Amino acid sequence: MSTVKLLSDAEKDPRVKAVFDDIRATRKSDFINNFWLYLAFDPALLKETWEGVKSVMAQPSALDPLTKELIYIAVSITNSCRYCVHSHTAAARAKGMTDEIYADLLRVVATAGRTNQLLNGLQVPVDAVFDMEAQKPDA
Amino acid sequence: MSTVKLLSDAEKDPRVKAVFDDIRATRKSDFINNFWLYLAFDPALLKETWEGVKSVMAQPSALDPLTKELIYIAVSITNSCRYCVHSHTAAARAKGMTDEIYADLLRVVATAGRTNQLLNGLQVPVDAVFDMEAQKPDA
Amino acid sequence: MSTVKLLSDAEKDPRVKAVFDDIRATRKSDFINNFWLYLAFDPALLKETWEGVKSVMAQPSALDPLTKELIYIAVSITNSCRYCVHSHTAAARAKGMTDEIYADLLRVVATAGRTNQLLNGLQVPVDAVFDMEAQKPDA
Amino acid sequence: MSTVKLLSDAEKDPRVKAVFDDIRATRKSDFINNFWLYLAFDPALLKETWEGVKSVMAQPSALDPLTKELIYIAVSITNSCRYCVHSHTAAARAKGMTDEIYADLLRVVATAGRTNQLLNGLQVPVDAVFDMEAQKPDA
Amino acid sequence: MSTVKLLSDAEKDPRVKAVFDDIRATRKSDFINNFWLYLAFDPALLKETWEGVKSVMAQPSALDPLTKELIYIAVSITNSCRYCVHSHTAAARAKGMTDEIYADLLRVVATAGRTNQLLNGLQVPVDAVFDMEAQKPDA
Amino acid sequence: MSTVKLLSDAEKDPRVKAVFDDIRATRKSDFINNFWLYLAFDPALLKETWEGVKSVMAQPSALDPLTKELIYIAVSITNSCRYCVHSHTAAARAKGMTDEIYADLLRVVATAGRTNQLLNGLQVPVDAVFDMEAQKPDA
């Protein structure tokens, strides 16, 4: 059940085909998951979304690929995004996440969920020492 | 401004003093941030919260200390917990987070925020291949 | 699967029948969707909820009916309310939302999700110029 | 700093005055907190909001007034609504919430925040036994 | 469908068996719900989570058991945690929650959801009178 | 107070200057708000964020500019993003949002917040008629 219809012939549109081909090439796999299949209802939105995700998740950057997936899962859990939790947990496992790492991720995510509630309840003033801005811009 | 009163003499309570002493010893620093100072209004809640956070964040585990802080920040941003964002961003910097790593963290957190919205809108069915359970328990 | 039981004879209660009749009359349709059918477990809650929704969504106001549905969808996506996303996306389509408009809605909702994360991370001070209150009440 | 301007002479509008008078009478106090003062920028929205809140929070119902405030605080913490957390924590104290009760509330709210994260991560199937609907409507 | 595999022989691990035995003893029931069954993929995480939940929810404290369940439900609804909503609504019913109480809970939770949105939109300054801290610590 | 330091000389970096110049040209104004000033701590993140926001919010599309701002505000309120609420409410006013439209926006946002809570509590099954996918892809 989705809010858009799955198109059986989406790749007949050359804009969709170009994105799907790039997904296959980037991932070195023929499998295209439902997110992209359904997003193809709007080729422009498909293209800009894929390019945004690819540039962040599939390009080398300061963080390694597995760490980026762990962070992605943490946000998706907190936003209660069922599909995203499933797809990025699978992606993290494909990039080396063991059960032990997954348990540790859940432990941190749960601890943050716990203390976030305490602080949003207590409304404690932020310590001056945490302020990066305190180091004022030089004249 | 907080929903509890800051106690100037909280450490007169030996339960509070024991926790504060452990915070100082664990962090090798005399500084105790406002979260713990305010939480001292209930010594039992202070103790169980500190012990929970310490066991997850200050003990060696599958994930390294900096990665755990990055995940903590990701959850705190998504929950819009202002204090937590400030305190854990400061903690991450203390554990080696550079501006380059921070920008990369924000990039992943923002990308997840973006696609979480798309998937929560599209309500795409989860691909069967993502199902860990498909590998059924053995009889 | 629900947290309340669906009553097969809910309309035997005249309070429920009155609300259902008003739903049918307002929508010019015999169809009553599950939200109202299940909410009938408490006739008073059913009545006050329907009246609240009707007064906001079914009465002429500053915003046109389609725009109100788009805003409703935006909130429901962000709150990860699966039922609400489905029912209000269907309602928006019934009020003229094309695939092109839907893609544009998703684009804005996703962009907001992305920058919300950046700002909740950066904790940037609000510009004084955004403050409506700066125009102080006249003595 | 607010997104609307505070009107110094809001009560000159008889619709605003009627609401403010009812707030004072209901609460047996001359104090009107900022929420209502600012909401007065739109008298109709002020009126319908006050009447909705009053009918739920200030009328006798299945739950006692303090329990209702505790539930209100729990939602407001989870939604990270700073003003709501402050105003309803103050209201709960006025209705008898001690520091001991407040600590217990925070303990439950934090525990829920913790396990919500675990379940939103694990995506565990809901046990059939929890399904109220399993008791099907009688033909 | 879950992000971890259900183990058919989890209780062969003595750490898992000890927790399951304690769940059965605490609840005086042989039934163990899916949360714990799936969480058993990591015996340490299972143990610390159960002990945390048990100490808050199953020990006598300032709030009675039913009130604690109502607060738990309120948080779980707001976090859109489907499993948690189902399991704690069932738990609340087992502890005496009638349909009348449930409707009242939903009424308060919905009212808070409504005003949280208004306040997060209006960004009204918090009234000084709500500030517990105004009562400064004594020198 | 921010988690990054404001750079007084950010425009000395030609990548930052190029973005700031484009912001000024696009908005036909010399004013650059704090979001972009602080985001300049990472010129690449600044550039990709501005280009993403500009392509969605400042280009003609299916939705008119004011409607897009209203949707942006709705998401920002629900995510409790204080800065975003302030900046996009100001932007909406600059694009023609009157107090009457703003009150109507808040009314819809609040109603959605209210019913989202009810549905996330009731966990009502989605009506088959809402399923866009029911219209299966043609073979």
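Should a chain be cited, it is by its letter among A, B, C, D, E and F, assigned in written order, with residues numbered from 1 in that chain.
Here, contacts are C-beta pairs under 8 Å (C-beta built on N, C-alpha and C of every residue); 3 or more make two chains touch, one makes a residue touch a chain.
Since the structure is predicted, the reported quantities are computational estimates derived from the model, not experimental observations.
Asks: Counting only C-alpha atoms to place each centre, which chain is farthest from chain F?
Replies: E
Asks: Using mean CA coordinates as chain centres, what's the chain C-chain F distance in Å?
Replies: Each chain's C-alpha centroid was found; their separation is 19 Å.
Asks: Using Cα averages as centroids, what's the distance between chain B and chain F in whole Å?
Replies: Each chain reduced to its C-alpha mean, chain B and chain F end up 27 Å apart.
Asks: Return the residues of chain F touching two or more other chains; collapse runs of consecutive numbers into ranges.
Replies: 1-4, 48-49, 52, 75, 77-82, 85-86, 89, 100, 103, 105-107, 109-118, 120-123, 125-126, 130-133
Asks: If each chain is a dot and touching chains are joined, what shape do you get: line, ring, star, complete or other?
Replies: Basically all the chains touch each other, so complete.
Asks: Show which residues of chain B lie in contact with chain D when the two form their complex.
Replies: Residues 1, 3-4, 41-42, 44-45, 48-49, 75, 79-81, 133.
Asks: Could you pull out which chain B residues touch chain C in their complex?
Replies: 73, 77-78, 80, 82, 85-86, 89, 105-106, 109-118, 120-123
Asks: Which stretch or stretches of chain C touch chain D in the complex?
Replies: 1-9, 48, 52, 55, 126, 130-139
Asks: Which stretch or stretches of chain C touch chain A in the complex?
Replies: Touching chain A: residues 80, 85-86, 89, 99-100, 102-103, 106-107, 110, 117, 125 of chain C.
Asks: Report the residues of chain B in contact with chain A in the complex, numbered from low to high.
Replies: Within the complex, chain B contacts chain A at residues 1-4, 31, 33-35, 38-39, 49, 52-53, 56-57, 61-63, 67-68, 70-72, 74-84, 86-90, 98, 100-101, 103-105, 107-109, 111-116, 118-127, 129-132.
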